[in-house]
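Listed after this line are the structures, all set down as structure tokens.
Presented sequentially are two complexes of subunit A, the first with subunit B as partner and the second with subunit C.
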Partner chain A sequence: MTALLQHPGYEEQRLQRVAEQLPCRELQAGTLLALMGEPQQYSYPSIFIYGHRASGKSHVMDVLMSELELPNATVSCVECVSVPLLFEQVLLSFFGCDAASLLPRSPSLSDFVRIYKQQCSQSPAKETRYIVMEKSELLRDTDANLLPALLRLQELVEDNVTVILLSEIVWDVFRPNTGCFEPLLLNFPDYSKGELLQILSQDRHPSYSAEFYLSYINILLGVFYSVCRDLRELRHLAALNFSKFCEPLTEGKAKETDTHKLWKNIEPHLKKAMQTVYLREVSSLQWEQMQQMEERESGAVRGLSAHTHVELPYYSKFLLIAAYLASYNPARTDRRFFLKHHGKIRKTNFLKKNEKMSNHLLGPKPFPLDRLLAIFYSVVDSRVAPTASIFSQISSLVTLQLLTLVSHDDQLDAPKYKCAVSMDFISAISRTVNFDIVKYLYDFL
Partner chain B sequence: MMESCVTHAPSWSSQQMRGVSANQMPEMKSSQEVVIVIIINMSKRKVKDDHMPVGECITQVQSILRERFCHQKLPEKPQAVEAQHKHLLELLKRTAIHGESNSVLIVGPRGTGKTMLLKCVLRELLGDKEVQKNMLEVHLNGLLQTDDKIALKEITRQLHLENTVGDKVFGSFAENLSFLLEALKKGNRSSSRPVLFVLDEFDLFALHKNQTLLYNLFDVSQSAQAPIAVVGVTCRLDVLELLEKRVKSRFSHRQIHLVSSLTFTQYLERVRTQFSLPGSFPDAKFAQEWNASVKTLCEDKSVEEVLQRHFNSSKDFRSMHMLLMLCLSRVSVAKPTVNPSDLLEASRLCLSDAKADMLHGLSILELCLIIAMKHLNDVYEGEPFNLQMVHNEFKKFLQRKSNSMYNFEQPVVMKAFEHLQQLELIRPVDASSAKTQREYQLMRLMLDHSQIMEALQKYPQCPTDVKQWAMSAFG
Partner chain C sequence: TPRHATPSIPSRTLAARQPTNVLEEARTRLHVSSVPESLPCREQEFQDIYSFVESKIIDGTGGCMYISGVPGTGKTATVHEVMRCLQHVADVDEIPPFNFVEINGMKMTDPHQAYVQILQKLTGQKATADHAAVLLEKRFSSPAPRQETTVLLVDELDLLWTRKQNVMYNLFDWPTRRHARLVVLTIANTMDLPERIMINRVASRLGLTRMSFQPYGFKQLQQIITSRLNKVKAFEEDALQLVSRKVAALSGDARRCLDICRRATEICEHSAPDPSATGLVGMSHVMEALDEMFSSPYITAIKCASVQEQLFLRAVIAEFRRLGLEEATFQQVFVQHQALCRVEGLGPVGVSEGRAACQRLGACRLLLLEPSRLGLLQRVRLNVSQDDVLYALKAD
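Right, the complex of A and B next:
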């Protein structure tokens, strides 16, 4: 295991410690160390590391930098909302606060390089300095010159500095259109199922045996592996559901070796977790509370999406229903649905539709206000006067983002709307007013 | 007693060692053992005299080659650009010595050695004592000096003009400009020192407002003012089209093109020379062995094949350096030579398809969604799709299958879909995301048909029915 991490430039003890902290990432760490070389040697100007989320990119860099005590500036591009912040952090961690305070009020790249050079001539690098940029995909959205400049920073500041970019996205979409200094690409592959098992089983509970925890992780992966390979997410789920898994043991209903019994107990629970905790419908805290209150069935607590049900005034409900019908039905079918004495429409002609045209696949279509009102009067049983309150309800539906205004060119004269609610939502609303919406939807005929 | 003697022996100086003999150490149990100690010590000393230990050699090799590959250390003499080198040197000499104003553009693709050429010329030029004393240099980079104001300040700073105090420059843009122009105008051919302006990433300077800086520099170089040479370095071939008419007319239209016209044998030769150790290497024997091993490496058939592939994709120095750097990183004390297998491995790293790597790490659900998108693309001829269509396609696949182990809820599918979007494997057609619901936002697949099929072949434990579904022509 430690055989892979050997390097003449670093102490063996430290490498040992690094290897212990990086399970299943020895190969990548070894390659990286080999590329970095001995501390006083030059390293490649820029290294681009890509891999899926939670494949240990930041962790490997973190461990290497801290254990080997390399001079480094680790910067998260999310935090650096503006470029000056980035400069300040880099100078701060390389040369201390004096250097960072030298930066003028709104520093340009030129200022940064000038101050870096100046500081560097005072304290030249004995070892390679590393700038680690996490979430570097955000660099594309900043100043267009920043990324090319960072990639050739070694040349610009004439110092032994290496920029390491970490990202989830492949390099191909980073490349600026006039090209740049190409970085060295390094892939961190995903963890295989065996590796996930190995890593997850490391944080087992001390009061249970290793095999017991391993069998738990195995069941967990059996449920979640086909959906999620994110180590962090899996670890979180493992931590959340373990108490439920141990329940039969504490109650004395099963022994550690009754794998099947334990599986039968936990599997539906985990399936439910996928629909709730995994989607953050129910927060982790709520989920833990639910597990403690055993009598209540888990999932009985209403999730976030259940709260989307809103109380609306009576006419607003009908307006929304009318908007939904207008959005999802073709206009040519309105006669058939909403007119009492419509002329003869041949059934074959009427039902001629192909799947591609289904609006529930394509999304809502915009409709004019007149059509909305016409459908509204037809679906509401009583006579409604077109008062100001009706029109203000329409605009308040827009502000609630249940409707969206499509074209902004004309506010008053014939505005067009779209309905932005889901099928479930509108069925719930129409149930409250005893309106059978499915009967009026063209797609479901 | 004996043990202490052994442990101390290596630290003795040679004089002490020569003095040691068996009869001077009467406490010794036998003279033979002492002789052995001495012999061991002697042999160690001898190694130190002629050769360095392997570890040190490797460290040296790494330092030298890393400086060459990573830090772009200047070579002794630029290769294959003798004509351009001579031309540029001649030109700059005329400015430096005779006070003639010139302007020139060095044009060539990335990584062909434009900066190397310029630096070599400057090194040679500054080797002359008189020139060194006489000429001023100003280096600007289009990446750093993003507008004229910053560039002007930088020029003033680098020329040490009198409105600078220490490192700071004072005055507004207009003041700075008039001051600088005044300073340049006051000079004439005979009395003032020539200034060399090097504009790296020249094409970015052409994007500045009104191209004021370029206009003024070229104007000074055209009129009888202080002698200046403007050297632009760019990778854009159409750089003259970017210049305004008035700027273009003041430019001398002298261009130096660096286009690599290497043949494959030259390329091989270059790989060999780049990877060999110089004659100044401290351990001559090791250097000889190393160079011989590099030579045999370059003659290897499989290596030649790999290099041919790299040659076909690009001929520049940079990509070659990257390849060699990856090779070099595999050289260690335990394995002090480069094998063909190292080069093959390095080439594999260089040429690997990043998107295939990312596809390898997707979950089954995400892979299924990608297959569904592929089918939608096939059926509707590249029309954009939304989540509903993809899910519908996926559901059709599930319906045909009896067991429904992939029967996921819509929100779970949506989470997978959003993950694909984060990875930029799918991209929204229009950016207005706030207006449409997430499930109806139109997307495009950023993958090729063959990429998907290849990823599917490599996917670990891919279920057979999923594979078959992907193979079948229509959904």
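Right, the complex of A and C next:
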């Protein structure tokens, strides 16, 4: 296993420690070490590492940098909201705070290069310096010249420095239109099921045997592998549900070898976890509390998405219903639904070619204010005066984001709206006012 | 600290070398920076400007003149020569003495800097732009009987354009004041500049004293070169004629003409078998220099592109023909690219390779591309004509 990590420039023991910390990533770490070369050798100016989330990009860089004690500046592009912060961090971690304080108030790229060069001549690099940029896809949103300059920083500052970019997306969508120095591309593939098993089974509980924990991970992967291959997520789920898995053992109902019994016990529990805690409907803390309280069935606590019930004033409810009807019904059918004396028109006669598709699949359509009010007056039984309060309720529905304004904000005359609530939400609301919305929807005719 | 350093061209440490042979002699004479004392072929324009400025200086009045012409027709050189002559005449007391101030729109970071520069050159005072405008306003509007006439040359006038046009307005308004004694000569490239960008009150103050410099004809260009060379026998007659005819046909730019001649002398020097015994610059050398100057680099770039890049260009044209449009998405072109690869018997090409080829072509501006973050939906257009691409791809 450690045979892959051999490099003349570094001590054997350290490489061994690195290999222990990087299960299933020896190949990538070996490639990186080969690219980096011995500490005093010049490395390639820029390396671009891409791979899915939780494929160990940052971890590998972190372990390599810390274990081999390489001079490095690890910068997260999310934290560096402005370019000066990035420059400051790099200078800070290479040359200490004196250098960082030399930067002028709003430093440009050339200021950075100048100060870097100046510091570099005072303390020349004995080893390759590494700048590790995490989430580097955000570099594309900064100044257009930053990414090309970072890619050839070695040339600019005339120092033994290598920039390592970590990203989840491919290099093709990074390349600036004016071209740039091409970095070396390195892919971190996803962990396979076996590799996930190997990594997850490392953090076992000390009071249980390794085989027991392995069988637990096996069951967990059997449930979750089809929907989730994210190591972090799986690790989190494994930690959350392990106590439930051990329950039969503590109660003395089963032994460690009763795999089938244990599986029977945990499987419905994991299935429920997929619908609740995996979707963050129920927070991890609530989930743990639910496991403590035996009698209450897990999932009985209402999740986040069950809290969609909103208390609205009476007319607001009708306004929202009217908006929903206006959004999802074609305007031609309004006569048929909302006038008293209309001829019966069957749906087949109404259908145009492009309306075969359900309006609910196409999403809401914009409607003018007049139509909203017309439908509103026909669905409300009593006589309602068009007072200021009715109109202000419309605009407060917009601020609650239940309606959206489609035309310009400043338009007073005939503004257009869209209804932004789901079918479930509106049927819940119409039930509270005893209104049968399905009868009025063209799609369900 | 280096933050306050002024950028400058490094100064020369060694003295300039004396020319050793005929060709080097010719090259120094043909250099654009060695402006001769008298400009041939611009006698009429010289006379016009001279008499305009002279009459204003003698009368002690002011006025504006607008000079236009394509680049390389000797506008600035002629005006400078006029000023030199007038200065000479003023030195021998034939006309009253005058100040000459020159500003260049290209050398300013902001149009309002014009005030600062004029003030500094007139009085040596330093002031902010607003203050300088006030001071100049006062200077040109208050009576000062002993004041000398000021001749102001404004080069690259179009860059002094601001949204309110106050800089231009002031420049043209000051000469109309009674006590100003200011002559403004303005130079720009286009003839209809006053009509195009100036509002009426500015254009009317500029007045109708216009002069346009026509591009040089081939005879004039030939004359310019011969006068520059001044009896140095370095060129064959036919070669000179070819250069001037070519340049006259394309632009009539004298600077371009001189550049080509200088390049031809270099080519002649390099192609000679023996460095000491170089002959005259002949037809072939001039032809080579002309080719270098005028041939399109795009075709050479396409010819030298890699196989995949050339295939991509062919795919672009094939897709344009299929769609009947001059624009396609990368996705559409890539399908053609793959098909072409199959036809050519090359290995299948991946999307990343295809995009790399596409973006390399975009970086050297053979293609016009949208930002690369659009992915496969990035739209592709050709920056060269289809005929050029086909010619370049067919040639081998």
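One rule holds in what follows: the second predicted complex is superposed on the first by the 433 of 445 C-alpha atoms of A that agree within 3 Å, B and C clash if a C-alpha of one lies under 4 Å from a C-alpha of the other, contacts with A are read in each partner's own complex, and residues count from 1 in each chain.
Note that in this section a contact is a pair of C-beta atoms (placed from the backbone, for glycine too) under 8 Å apart; a residue touches a chain by one contact, two chains touch by 3 or more.
Being a predicted model, the structure only gives us computed values, none of them experimental.
Visitor: Aligned on subunit A, subunit B and subunit C: do they clash or fit?
Guide: Here subunit B and subunit C cannot both sit on subunit A without a clash.
Visitor: Is subunit A touched at more residues by subunit B or by subunit C?
Guide: B
Visitor: Considering only touches as defined above, state whether A:Y50 meets subunit B (first), subunit C (second), both or neither.
Guide: first
Visitor: Just to be sure I read the superposition right, which of the two partners does A:R114 touch: subunit B = first, subunit C = second, or both, or neither?
Guide: Once the two structures are laid over each other on A, A:R114 reaches both partners.
Visitor: For A:Y213, decide between first (touching subunit B), second (touching subunit C), both and neither.
Guide: neither
Visitor: Touching A:A420 in the superposition: subunit B (first), subunit C (second), both, neither?
Guide: Once the two structures are laid over each other on A, A:A420 reaches subunit B alone.
Visitor: Is A:P176 in contact with subunit B, with subunit C, with both, or with neither (first, second, both, neither)?
Guide: In the superposed model, A:P176 contacts subunit C only, not subunit B.
Visitor: One more residue to check, A:R140. First (subunit B), second (subunit C), both or neither?
Guide: second
Visitor: Quick check for you: in the superposed arrangement, does A:L184 touch first (subunit B), second (subunit C), both or neither?
Guide: first
Visitor: By the touch definition above, which subunit A residues appear in both interfaces, subunit B in one complex and subunit C in the other?
Guide: 114, 170-173, 178-179
Visitor: Spell out the residues on subunit A that touch subunit B in their complex, using ranges where they run on.
Guide: Contacts found on subunit A: 6-8, 31, 34-35, 37-38, 40-45, 50-52, 55, 108-110, 113-114, 118, 143, 145, 148-149, 152, 154-156, 160, 168-173, 178-182, 184-187, 189-190, 192-193, 225-229, 274-275, 278-279, 281, 305, 356, 360-364, 404, 420, 422.
Visitor: Can you list the residues on subunit A that touch subunit C in the complex?
Guide: Residues 104, 114, 140, 170-179 of subunit A touch subunit C in their complex.
Visitor: Using the touch definition from the top, list the residues of subunit B that touch subunit A in their complex.
Guide: Touch residues, subunit B against subunit A: 55, 58-59, 62-63, 66-67, 69-72, 110-111, 115, 141-146, 150, 154, 157, 167, 203-204, 235-236, 318-319, 322, 325-326, 329-330, 332-334, 349-350, 352, 354-355, 357-358, 360-365, 380, 386, 388-389, 392, 405-406, 408-409, 411-412, 415-416, 422-424, 435-437, 439-440, 460-461.
Visitor: Going by the contact rule at the top, pick out the subunit C residues touching subunit A in the complex.
Guide: Residue list for subunit C touching subunit A: 2-3, 351-352, 355-356, 359-360, 362-364, 369, 371-375.
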